[in-house]
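Multiple structures follow.
Next, two complexes with chain A in common: one pairs it with chain B, the other with chain C.
Let's turn to the complex of A and B:
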């Protein structure tokens, strides 16, 4: 079983899937030229991991902007997690948001509406607001 | 050749229309990223509400990706170069708020489908747009698709006023324009 790590770029988020820690982190902005191509390796690793019936996975998401085709990919990822949750995998997701940004919160809430595993929306404290 | 007078006139036109950023030509992912970042920085410097910055940026990304993906889908066709070179986007500000105006050449058969979709989306109230967005989000996509079919719905949702579009004949093609306000 392999982990996966992608450094963030302007249009793609940091992806850190750590098999030993059982965590998946997505952080940054997501509007690549081809979202499906970008997320494909993430889907593969996660599917592989979930197919081994692991005890748990914790997902931390902090995406300040997600374009529509990336949103579709995130939805596909959440659907895979949802299936695993229904098979008994302990799935926990924390979605960090800038609460002052209605659109960002709305985006997180719309994902939350379709999911039954523990999905928390957590206010992210603004970094460096006074510097 | 563009002479100095034309250049000054061009700049005057941009300034008089409140245009902050404009690009005309072939959109690349790099150009989209740079322009997107520029408009975001500009709006942050102007202390605009975070939600407005997000919406302008999102509309800009969706529109320019649509133009780019449309052009790429015409690869191999005799109109490919004309379509690819025809993209234009402007972002500006007037007394009503920020506007994102974009345009590109499209083929007649695509124009009909696009007009039907826009005529459906434009009068839709926000709650219905959300419903449509979620339905589209759950649709299975063909394996080699490049988009999720969500862009225009998302633009309509983020627009503060009904979107405006036009189609004008240009030889055998049509020039499509879309204006969105935030």
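Let's turn to the complex of A and C:
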């Protein structure tokens, strides 16, 4: 089982999936030309990991902008986590958003809908768009 | 928060189809059909698709709104910063987004314009410099090289009538696929630049006349004088009677004389000459490369030009003193001293002539502006002389010596009283009366300034009353100068018996009756008696 790490670019977020730590981090903004092509390796790696019936996975997401295609990909990812949670994997997700921007909280709530695993929306002070 | 009803309305038709399908499946409508399983799968995926779509629509709307709001906030900041911000890359084409100030500065939309074309001026050297610096900054990644290039740029450039401060900043790429950019910050500093130029101008110029000032001459003596300036001539010029003109016509008119004199000096000299206001009513003209004869010619031109300055309250009169130094042997300050001494000598000779001219101007001013009857002084003159003779004042006495001047000047102070008060038909208010009373004092100062000291005292006392109720000092009886007592009686009689712009004449009998009534109150009783019994009868 391999970890996965993508540096953040102008149009794609940092992806840090660490098998040893059992964590997945998405951070930055997401508007790649082909969202599915970008997220497909992430799906594959996560699916593989979840198929091994791991005890847990902790997910941290901080996305300041997500375009429409990327939103669909994030929902697919959440769906996979939801399925795993229903299979007994301990899934915990923290969704960080800018506390000064109400609309980010609204977006997070939309992603949260129909999710039954622990999904915390954490408003925090924005430190900078790319850090 | 976007409401659910809106979402429901947006996908109404799709939801109806889904709900119908779910109901049919729940009711077992297609039970036993060979397509049931496939139909169930399609309905499930359709439900999932619809859920995704609805949520993604919402997320997308929120984010688009958020982006536009942020764009608007950032644009507001940039557009109201009072500075032009624009960016361009290696193609030197200005990017689409720039701050509004750029449009104000250049007068058109600057996007897609080549930055070199935008900044192009007649200064070819500057145009080339811009091209070199932009190329160097955009092609280098070394901060030091970039800063070195940026320092070569001018801080301020002139574009048409505007002065722009410019600041170039390299924008390093944020990501690997970013192209290097340059930001140019432009600030319209025209007002500030003009103010600085004005400060520089004022430090070496006289604000009123626009001529050079003393500081400029001092600086010229120290830094610019060369052997080529010799023979060097100087003319010290003094505007005669300025103080008197200020007193008579007011400081605004006095300033006009100074400006007119400055103009006359410039008209009489060459561009290479230095014409300066030395201080107050004194002017200094430095004439490099000018010998004594040429200097005298310029002085003649100055005198002549003064006669032809139009629109001034009185003709310009100037006293001049000249001095020439053939070689740079002595101190130039000695030269100034000689010219100044000669100027004072000229002034002394002209003083009577200037005073006479000014009094004529005041008389003219009183007659034209204040409708003063030109014959009033003549009539008063005749009667006062008669009264003086009737009073047996000896010829050669101080009173008779000054009588003529007193007759001419007794109303001179009225020139300083506003026309509206002087010609008012109705009773004066307390404040207006206060202003009116000032004419005695103004007349006093005017007469003093032309050295008519006895007459000045008499003018000041002209409105005093025998019983001490007059103004300005409340003198009574013999404390009032005889000259004042004589003129007061005759002046009152003449004023009463002649039309004024604000009052019709009274009859001779009425005037006599008024004089009788005021005898011992306003007027000297003995002189009034003499005037009524003897002077008027003869």
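Here, the second predicted complex is superposed on the first by the 127 of 131 C-alpha atoms of A that agree within 3 Å, B and C clash if a C-alpha of one lies under 4 Å from a C-alpha of the other, contacts with A are read in each partner's own complex, and residues count from 1 in each chain.
One rule holds for everything that comes next: a residue touches a chain if its C-beta (ideal position, glycine included) is under 8 Å from a C-beta of that chain, and two chains touch if they have at least 3 such contacts.
What you see is a predicted model, and the numbers here were worked out from it, not measured in a lab.
> Let me test your reading of the model: by the given contact rule, A:103 touches which partner, first (chain B), second (chain C), both or neither?
A:103 contacts both chain B and chain C.
> Given the touch rule stated above, what does A:36 touch, chain B (first), chain C (second), both, or neither?
So A:36 only meets chain B here.
> So, A:72: does it touch chain B (first), chain C (second), both, or neither?
Touch status of A:72: both partners.
> Looking at the overlay, what does A:10 touch: chain B (first), chain C (second), both, or neither?
both
> Please identify the positions on chain A that touch both chain B and chain C, taking each partner from its own complex.
10, 65, 67-68, 71-72, 75, 101, 103-104, 110, 114
> Inside the complex, what are the residues of chain C that reach chain A?
So the residues of chain C in touch with chain A come to 1-2, 51-52, 55-56, 58-60, 62-63, 65-67, 174-178.
> Inside the complex, what are the residues of chain B that reach chain A?
29, 33, 36-37, 50-51, 54-55, 57-58, 61-62, 65, 68, 130, 134, 137-138, 141, 145-148, 150-151, 153-154, 158
> Within the complex, which stretch of chain A touches chain B?
These residues of chain A touch chain B: 10-11, 31-36, 65, 67-69, 71-72, 75, 98, 100-104, 110, 114.
> Which residues of chain A touch chain C in their complex?
9-10, 65-68, 71-72, 75, 101, 103-104, 106-107, 110-111, 113-114, 130
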